[in-house]
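Letters A, B, C and D mark the chains in the order given here, with residues in each chain numbered from 1 onward.
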């Protein structure tokens, strides 16, 4: 049953995760101001699912239960599901900057496929257990975070080669009740204000790394779990037009010999499938990143056009402005087109769900990581210094100076100074603040580094076909 | 009825166009060696249409007659037709470098839409006349060239403002039989070895330019038509692996007061629709350009990978080679993805045929124009100097030196020197010869300059929607 | 006489400018915490001038008085002076992020040249008055801010065409004592903690704009002057390794019918020289921008290399890391090379001082504006998510978790976690915080937008010479 | 004594090298039409040295003999020599496309330094022998080619690891008279029409490669030497405005157990100095590449500006054209600035000559290799399709059509059609012909691949200094 935003917040209140932020333990996550923009952003995924105009985009019929579910918890049954998920991500992120909850979708679909594959090979029972979990998540309309990125230690060494065995999360014990895990998952987006943690391995493993080949789900407030968090957005900052309302927290999650019951374990030592599970998640997630950044792109395009106009420039007539905005659109829509193509050419897995075509999803991810810097460059270029030098809102209220500031800072005669400055503040907020830095850095390194995406493109591209074309042409 | 390649060549022999090349008049186009690679390239479009494995891609059922036609002469009736046309273009161009005949498709679809629009507005009868012509072209399985680009004179002036009224092709007379036209169409691809010329206007017109708002079809050997041509490819050159076989001619077509009978006239003075017809053709054609250059991209990717391997490098393991080839793929597949997306989001016109979504087709065209230079850069980088410094084939036959050359120029032990050098020659042929220069220059300026595509992106992008998003966000 | 840093701060205390920040009026600028990082940054320019190892770089012998002066107040007498100024700027900014005071140098040199030119043409006495002012500034070792950027209103209109005559600062009255000016100068870097304001026109003017052709100097606390400021850096933020110590404020400066005595007026209505003065300042200042961003580049290069190593990567051996750091160096040193070349090819003005060669200084400025985004991209790519997701310093002190965080977040075994995290925080501070956004935005729009620099390149490049080469080659 | 161009050609006639081209042995190199553009290009280096206006740039006083020599044979004695050499290269190449003879300079300077270094370490007598050779070359005003690039076989293996020991040129015997060498040097620019071959090793060697650590000089017609050549430019082609006059041949040089007398041997087994000699040559040569491509850049800038104007566009006023030409200048002058900076910061070697600063020369080389593709892109974009579709010269003479072609193809009214088309042909010649392909490919792979230059940048950059800055900043 779909939750309302209010029910979502209430449901968080029923949980008691152990969360630290800025040196203190948080008493109630939904009441902690530093997380408020994060809670708000997730809430939008609940809100939009209930709005009739978004019904087709935001919801789907579970192939498992036949019940209506939030599309973010849906298993894709065809290419159109993939395309709708992409569109949904764009829709949510152009509202919130980053809605975070698409991570659930990506992990659920990866586990759907890979529990099936593991069972096929080893006769394990992971898939059925996962289906139970899936039904629970869908029916309760939960939000899960995805704990994938390990701390990794020395990047040139495999998990078992590290000087400390706990630099990747690992199984320290298996017993009747379940597995016991120890270590850390670093950079878990949105973690504090979610219901559940889904843990995935972070890379391909070898036999000696089998203790590190582990996947499971666990409530956010399970015993032994601690979160060390960062704030979501820029709560309380008057200049933060968007991100005082919506933001993203990340957390380091510490696992202090945590017991995970067997019914929530989805991989436990079958190292042969760690890479496959990681790769499957990455393929889904890179498509999500494309949609997310296209949503951010919509904001940047709209605000840049508005800013240019407030400055008196006609975006269709001032040559260099027109060309730069066309390039801005080129950047955004070209990576989005890779997402569309990846969806349309999506493929059925052996488990029966659909996965994006990997070459295009990786190219799209690679492009969005590079292009976000170009997007920032163009909007800064067109907006000019006002972006980082507009007066503070508080100064625009000082009786002595406010009239003059308001008068002198007007651009085009028919556009109020207020509007011009509010667009400048919005652009500062999303491209030149702490949050802007986060968007940039996370675009390039979240969801797989450029190097990781290039490796995947190379692995999946059909070189044999291309080389045989050349052999034929050269008469060989 | 589909022609065989042989029937195509025979049908050219029945025509007697007035063609000049290198200072001489051509006696028989299909027997002129300088055109042979061009005739061959078009022939492939006939050959592939008869091959069972390509049937679905290469042919379609005419919505007009219900008969099977070459897809290059088909009117698109849905998005899938657009996508298949894109795939067909890639298929043909990875074989031939550039198959040229897709221009027919683009012009036929543009005329289908715009004769209908013009009739709706003015009560003219262009659409029915065009349908007759279409049936003729489809049934005879003809190839038409498309004469669009005017000489343009001073680029800052409209047609009627030029110092000489004939710098754009124009109607000098209308009489009972038809219209009389004078002037030149510059840069007509493949013209000498086609059956018919379809003339389109080259730009948006104003009322004073109405004599220049003209579109019609006419046989290649009509009275008063003369072609001044350039050779197709590199006929007779021993180093030209691909382009001694397949190439592209361009021609300047002179119209010396040519009478066009009314039944072949599709626009004659209705200046309001010149821009619409130009734009519609451009939208279709930009999609074709994307497919064509993706086909060239397939060759470059395959040959670059083969070259790297012949040099002893593992494309998956040598870091910088792997990353550069991944970028090569990124360039090709990202503009192709824009083509796929433009097809999938194609729209029905008021005439009932389908046209590619224009923002994505323009972005794809813009990208392929920029990226072809990057593609050349990467393949030159990876291949090394051998690309332009391999011994001539004739020198590899000199008794005194051939054994040593063959021995010393081997790369990886298990790849024969012959193969290495033949790939080097192929890459030289397509990226560093006269033909390579043609591919590059035509990719950026053919089918619309970067500036023209940026203008179109800006015209068609929904800025109102994006700006309203910002107004809402900033509370305005 | 060179001031010590302490004397500089004391001298600020003797002034009483009217400054607002965050809605309140500042009581004492050097005691306002929000300005402390700015005061510190300027102080470094005093400190380094007294250090023997920097003597040659940081000081010069005034050609006016023969006394030793801070090079930031020096009039360049040869190309070597220009080169040393460039090196000095790099040195100061790699310590402080942005030392701001180089603006004095740029304005003083521009006024030196243009007061002379104006006098030559009009027989005015600006140059002598300026020399008096220069001697005062040099002898007192002052810091001036440079108020150049006008609010500009509608960017498509000239000053006198604006709907409100005060959208550019203007002369509203001339009387026996001096001129009276009204309006605003927007985006004045470092203004609150300087001694003097030098006002320059912001653009080329026409005759009708002559009231806007105005330049003068005035104390920061002159009657009728008010500053609406923003904070310098990130004072008080525990994560802000660099910018809690050093930062840059900007201010809007309001001029409420301010009287400027004639001895401090350097241009008052001679509209013919507004563009020349603006251009001269811009040429000097673009060279300064190059040096400043090269200094920032030094930090980014050093920190990125350190971060890669802390992650276990050998920057000489891990292929993609090596290539990306090489590109990072390429970006920084190629724009710096334009600065060196601009200095070496510097030219003597008719006033006798030296000005950088303008084509190279503009190219360097253009490149640094574009490349800063590439620099951020590369450092984010190599550093990974830790850049924006490291635990807060306060959380690294929580007794319950600090040991585990310290243990798990180690990278290479022999590099302490502390060091790894401190480098991550530094990179976040300079590339992904409010201050990072400021660096990026100011790099592209401060000191002249990309469009302004392209215009200047085109104006100054010797096309006649290049075209005559072609005429000769083609036999014309 | 400086030779005249005529004396240069005569001196070639006195030599009888064994040269093959297109399957035939050449009887007389200076009389072979396929080499004529190459001979012409070298001749320009003799011609300009005798022109008074170029005396300072083109000649120098030998520090060895005190006699006036062509600067291309001069040993640099200070930074100004380096800068003049750079300027000379630009001057020669803007006339000829590529003057080739600067290779002499680069090899002579590298041998000057490294024979000295080798002697210092091993007590050998190479330096004195080299000085004798240098005096001979200077006094006779010779041209040498530089045979450096080995065939290299499998790129992942060192010379001694190849499956065939002769894939790198090697010493097969040392005897009383000298050394005997066998193998091939691939890609030797300009070889057929030079007097002497200077052989250099192509890479760093290890002890097991000592037979491959070899450097010497030998006459072009020495016993056992054979050249398999390619044509220089586009001799005899009517469209080839520049390159029918000036061009560049490359050759494969076969060494069939060639005896090199000891007095011309400069390295013979001292593997420790192979890398140093290679590196020193590369550093000098990369500076030459910068100058050469800047000269080509001058042509492209001039022709692009001329083409735009012939099309009716004002390069200062048409926004997108202005911005693109500004970028064209940016590309050319930014790599040239790296060359200037590398010269100015040049360093004295232990042998006493001066070598360019390596970081900047490598960055400049890297940039010119990348940017030549951007230069081609921009000129193709601005010129439009006419670049590859103008009528052949022979067709412009056909009586029947020439008047109309001439009339219709005019652009701006006051610029003759002839001029417009001659500029189009020139641009086709240098950017879209066989020769254009050669320029592009050789810019990126000649003088060191991008990967080689990145490696060198990384080796030479002072990371310790940068990292210590960070350690200080972070309090470590």
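Going forward, contacts are C-beta pairs under 8 Å (C-beta built on N, C-alpha and C of every residue); 3 or more make two chains touch, one makes a residue touch a chain.
This structure is a prediction, so every number in the text was calculated from the model and none was measured.
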Most remote chain, CA-based centroid, reference being chain D: A
Shared interface numbering between chain B and chain A [over half = same, under half = different]: same
Pair exhibiting more inter-chain C-beta contacts, B-D or C-D: B-D
Distance between the centres, which are taken as Cα means, of chain D and chain A, whole angstrom: 51
Between chain D and chain C, distance of the C-alpha-averaged centres to the nearest whole Å: 41
Centroid spacing, where centroids are CA-atom means, of chain B and chain D in whole angstrom: 37
Where chain D touches two or more other chains at once, by residue number: 318, 320, 323, 451, 454
In the complex, chain D residues that touch chain B: 20-24, 149, 151-157, 163-164, 166-167, 183-184, 186-187, 226, 228, 230, 250, 252, 254, 256, 311-314, 318, 320, 369-370, 373-374, 376-377, 380-381, 383-389, 391-392, 394-395, 397-398, 400-401, 404-405, 407-413, 428, 431-434, 436-438, 440-442, 444-446, 449-451, 454
Sites on chain C touched by chain B in the complex: 318-320, 323
Interface residues, chain A side, partner chain B - complex: 94, 241-242, 298-299, 301-303, 305-306, 315-316, 322-323, 325-327, 329-330, 333-338, 340-342, 344-345, 359-360, 363-364, 366-367, 418-419, 422-423, 425-426, 451, 454-455, 457-459, 461, 463, 465-471, 473-476
